[in-house]
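One chain, chain A, appears in both complexes that follow, with chain B as partner in the first and chain C in the second.
Moving on to the complex of A and B:
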């Protein structure tokens, strides 16, 4: 009430604020585009480019998932169905292009994947979106399993165990872009990623996006206002499946192979983890989540076999203690920065961070020790971790791990109240200055 | 006839095992509103605990102690995990159990290795019980049926004939009232969750050696159990019972029938060749379709009767 009154009394100021926000939007999007352009120049190794490409694909996928989870409150356990089936349709079209049967520039292949995904969204969404809440979650799980199980029944379409491989360097090369070099593929992914991000952000501002929020928050009331909640969920599902299909089409170009795993439960679970870790309450949350997930799944998995354990643990901790995800942690700092009080929090943050790092080191050491002894002991029990070489069967590393656990736990117990105290102090001061301002 | 009797018995024993799993899931769901994604993980834990105990001191102690260990794990999970997340709502609880399923699977890989472990049927129960013409019916299947039925009978009596059961039943529908009458509803919740986990653990003890004990066993059974719960109707024990048997029989019979739709068409004089439209669909045999049938059943059920066989509430 207060803000609306202020707005009506100060139209010029409100307008200025509006223009300010508009400017901030442009700045953020331009910065994103610039980052996408510059990053592969800074990190130009093959591994880095591959990592960045996968991040781009994962970002689209996670954002499309968040259209369901974050924007409409639909918890889906079978989202990979849409990206995967979109990818299968795209790979068949690409093979058609290669055989000369279809004419299509490779750059537009993601669109084919998107339409394929949307087609299955129309088909399966009709069944799944009849229900909301827990039942919806279970139906999506069932549909996901059904599609995965049927992938071995139709070898013509799914390619059986080996999947379907393809060649992206086909068709007419526009401006000499052949998609032979990986860098060209990266820029294609980046372009589609930026486009999809903008489109999905714009969608949140449309009437449908707003009604989806209403259906998420209070479906009963949305129905009384006159909206058919089931229809809203259905439409959102189709749109979300479209964007998921785009990510599937891009993965066809990137990996040049699609197999049954693309529709499987691991993919569906992965996008859920990514979105929730990043934070489903904010538009950019899934972007953070996708980047973190790819770091876990690609970079960490080349270092340790227990990466899924670390990811699962990270996820459970987020669910238990930071249900808003990483994005909510970041957004909590924004008012502090605006009030120039972040500096007051930094000492306590640093203390908590160092305690957390000690705990992390303890965890990693214990897990890797167990792993070495239980699974990998055929190659001897000597191992190296972070530059230190030791024997996993001896007592010393275990003693170090125990000491780390103890030190970390003690440090955490002392650091956490400090953070809370500093946080409460700063909040109280900010409330005081805000109260004094009026 | 021979095929029919053996398949019927196998189907029923598998269905009873499924019910042992889904009864715990249903109880937890109807009481706490929590869809426990880690339920099949407790099944896996039961099998692995039983393998370790059976290796050291024998199968019979394992039959008792492995479910008790799982009960303990379930109680700890409820006390230190679910109760923390409870304030964030049902979605957070669901996601917590989802993450827990990952953790348990990875933990099992860490402790017992990635390959299947040789968890075997005890020699006393090995071998055929009786023959139907030439096919044998294994003793162990009968033992599975016996354990499941007696356990379920016990649960039924506990829920309907004892004081504890009455409190649990009351807490299902009127938790506030039960709390006002001086019962510790939190502890009842913990009991139900741990009890459901122990039932799943027991299913693991008797199912692990009949099928396979490997890190993938949770994922393979987990989704089927969800199908059972949806088809039977969310939160209905009776529905879960009927659906378990139905799906157990469906899967057992389907894998052994080698007919396809094209054979059916052939009866009417229509012959399917590879040139026919969608020939790959018509030529699929029922045994090839077996893994998909439960999910297909679920989808059809949701379209025709969304609340399930015996469900009372919608969504």
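Moving on to the complex of A and C:
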């Protein structure tokens, strides 16, 4: 009797769940679109627009990378090959448009980049996806080096050391859109970014997307439910290369130059870093990662020479203490919010945050002092940091740094147990109410 | 009538060691067949040779009269043979429901589609829900598979195996490591889900073997030394000898004679 009850009850529940999720999706996508629309109005400086544009490009690139890493379990060390080669094809087409040889609206150039990326996905992916796991990773590394090396061998296509530059203001202006002003370029990037995000999310909800998860979890078992895992990897690689190529095409429009660096190991490593920092286990993880990465690489690099050091440290801390990335840290709070218990955590979070900020200040002061003395001492040893002027060669700033380290460490040591205790209490309470509810 | 599964003179060598030394086996459609034998006799290897996990060194394996020896696992699976594993082999980060849905997608013809939306594939959902009910894991529907208990994971393992609707089912030690009550449930489950299908199983629990099997084959040192009904196997002198005075009775205390 009980089973028949459940039988008739199940599909209705599933439908309810489905409708509820559908609504949540529309809300999230609308919110994202709104953010993209409004952000450049709030931050309207040239620098902010440039930053936002690069974020949009990086988001597409990181999400395409996560189709491999997070969704299919393929660790690639050469993903820039696809965005970079897509960009090269796009730049040649754009120059063709400029010379009047090809007709194409500039707005559709990212599609050309995407198709170019996919083409090379078909070509190289056939080789790389023959194997999985470590072997796959090694082959992608090899292909990446190979393409980078050949960029100097084929100067006609790759433009040699100087790369290939272009002019995005070509053809007739449609509705007054020339892509001269940066803001217009930003909105083009935002539109493509939103479309790509939706498409890549939709992909995770298709048979191929789900089977890619299955192949990630257990390739052998996937073969025994009828799937050729090599074929699955190959198809995912081509699709991923397509979206990587779109980001490449957008970078052509944004920067108006493509060089060998676009296919290089630094780019491939960067997208790996961004995806890990954001968290490969959740669809939106790479979005956070891409935003943070651009903040480091573009915003922070204009403030300090040591930005790469900070990025490296941040990456190491994430991998060691939050292996699921920033996204996992956020998602852990969701059940608390649902149970209206996040407020209970906030005091201990605030304590940990203030201790963390003191430690961060100590770190920044130490790093900047060392940089000043070791690298920049030719210009004298006086420096300013956060509005304070001091002499790096004197004892005072070092004493301040030491005091900050001490205070931060002590604060952290008292705050961390508080967080753990509050967390355990809240979890126990939630388990109790869940147990009582059944 | 062609046999559902027919092995003739199947041999498998690893280096110079011959693990499978000329197996002949014929299993009729709809039969429940148990493969028993001491540890290291080559039972799991035989399963691997049939299901495509490894390639026979020589001999032929036929599924419904078609040669399948040496084909890839996914090709053999698409021809209507599905297997489970001795060590639980599931998609551990996916939910129970998603595990089952993955197992039905190919058989329903969705292949590598990235233009269908899973939520709209009512037949896939319905089939997955059916299997979910069959294996009794409705309450665990949305739980990540790695968080299931051992017995539940074994049930899911069987669910994944049968979900695609294969006509020939190979189960490798489905009740290994289970308690008595769990074993009884598992036997009931196997009986239900393989009704009308051809079942080949490797099993150590003689209670399960004698309770389920229509016929039994005894494998010793890579050879089938006897095939027959449970009654015939129980009284076979060669089998008794192979088990070195051990017993094939359900209840070990009775089997001392």
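The criterion applied here is as follows: the second predicted complex is superposed on the first by the 422 of 438 C-alpha atoms of A that agree within 3 Å, B and C clash if a C-alpha of one lies under 4 Å from a C-alpha of the other, contacts with A are read in each partner's own complex, and residues count from 1 in each chain.
Simple rule for what comes next: a contact is a pair of C-beta atoms (placed from the backbone, for glycine too) under 8 Å apart; a residue touches a chain by one contact, two chains touch by 3 or more.
Small disclaimer: the values here were computed from a predicted structure and weren't measured.
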Practice task
Put chain B and chain C onto chain A via the superposition and say whether they clash or fit.
Solution key: fit
Exercise for the section: For the superposed three-chain arrangement, provide the angle chain B-chain A-chain C between C-alpha centres, rounded in steps of 10 degrees. Expected result: 80
Exercise for the section: Would you check which partner chain A:227 touches, where first means chain B only, second means chain C only, and both and neither mean what they say? Expected result: second
Practice task
Applying the touch criterion given at the start, work out whether A:218 contacts chain B, chain C, both or neither, answering first, second, both or neither.
Solution key: second
Handout entry: Touching partner for A:269 - first (chain B), second (chain C), both, neither
Key = first
Exercise for the section: Once the structures are superposed on A, label A:287 by its partner contacts, choosing first (chain B), second (chain C), both or neither. Expected result: neither
Exercise for the section: Please work out whether A:185 is in contact with chain B alone, chain C alone, both, or neither, and reply first, second, both or neither. Expected result: neither
Handout entry: Touched partner set for A:18, first chain B, second chain C, both or neither
Key = second
Handout entry: Between chain B and chain C, more extensive residue contact with chain A
Key = B
Exercise for the section: Could you tell me if A:87 is touching chain B, chain C, both of them or neither one (first, second, both, neither)? Expected result: neither
Problem - First (chain B), second (chain C), both or neither touched by A:209 - result: second
Handout entry: Distance in angstrom between the closest Cα atoms of chain C and chain B, superposition on A
Key = 13
Problem - Shared chain A surface residues [contacts with chain B and with chain C] - result: none
Completion exercise
Contacts from chain A onto chain C in the complex sit at residues 3, 6-7, 10-11, 14, 18, 202-203, 205-211, 213-214, 216-218, 220-228, 231-232, 235, 239
Practice task
Spell out the part of chain C that touches chain A in their complex, as residue ranges.
Solution key: 51, 72-74, 77-78, 82-83, 85, 89-94, 98, 101-103, 105-107, 110-119, 121, 124-125, 129, 133, 138, 160, 163-164
Fill in the blank from the handout: Listed in rising order, the residues of chain A that touch chain B in the complex are 75, 127, 130-135, 137-139, 141-143, 145-146, 149-150, 152-154, 156, 265, 269, 272-273, 276, 306, 308-309, 311-313, 315-316, 319-321, 323, 367, 370-371, 374-375
Handout entry: Residues on chain B engaged by chain A in the complex (per definition of touch)
Key = 33, 35, 81, 84-85, 88, 90-92, 94-96, 98-100, 102-103, 106-107, 109-114, 219, 223, 226-227, 229-230, 234, 280, 284, 288-289, 291-292, 295-296, 298-299, 302-303, 306, 315
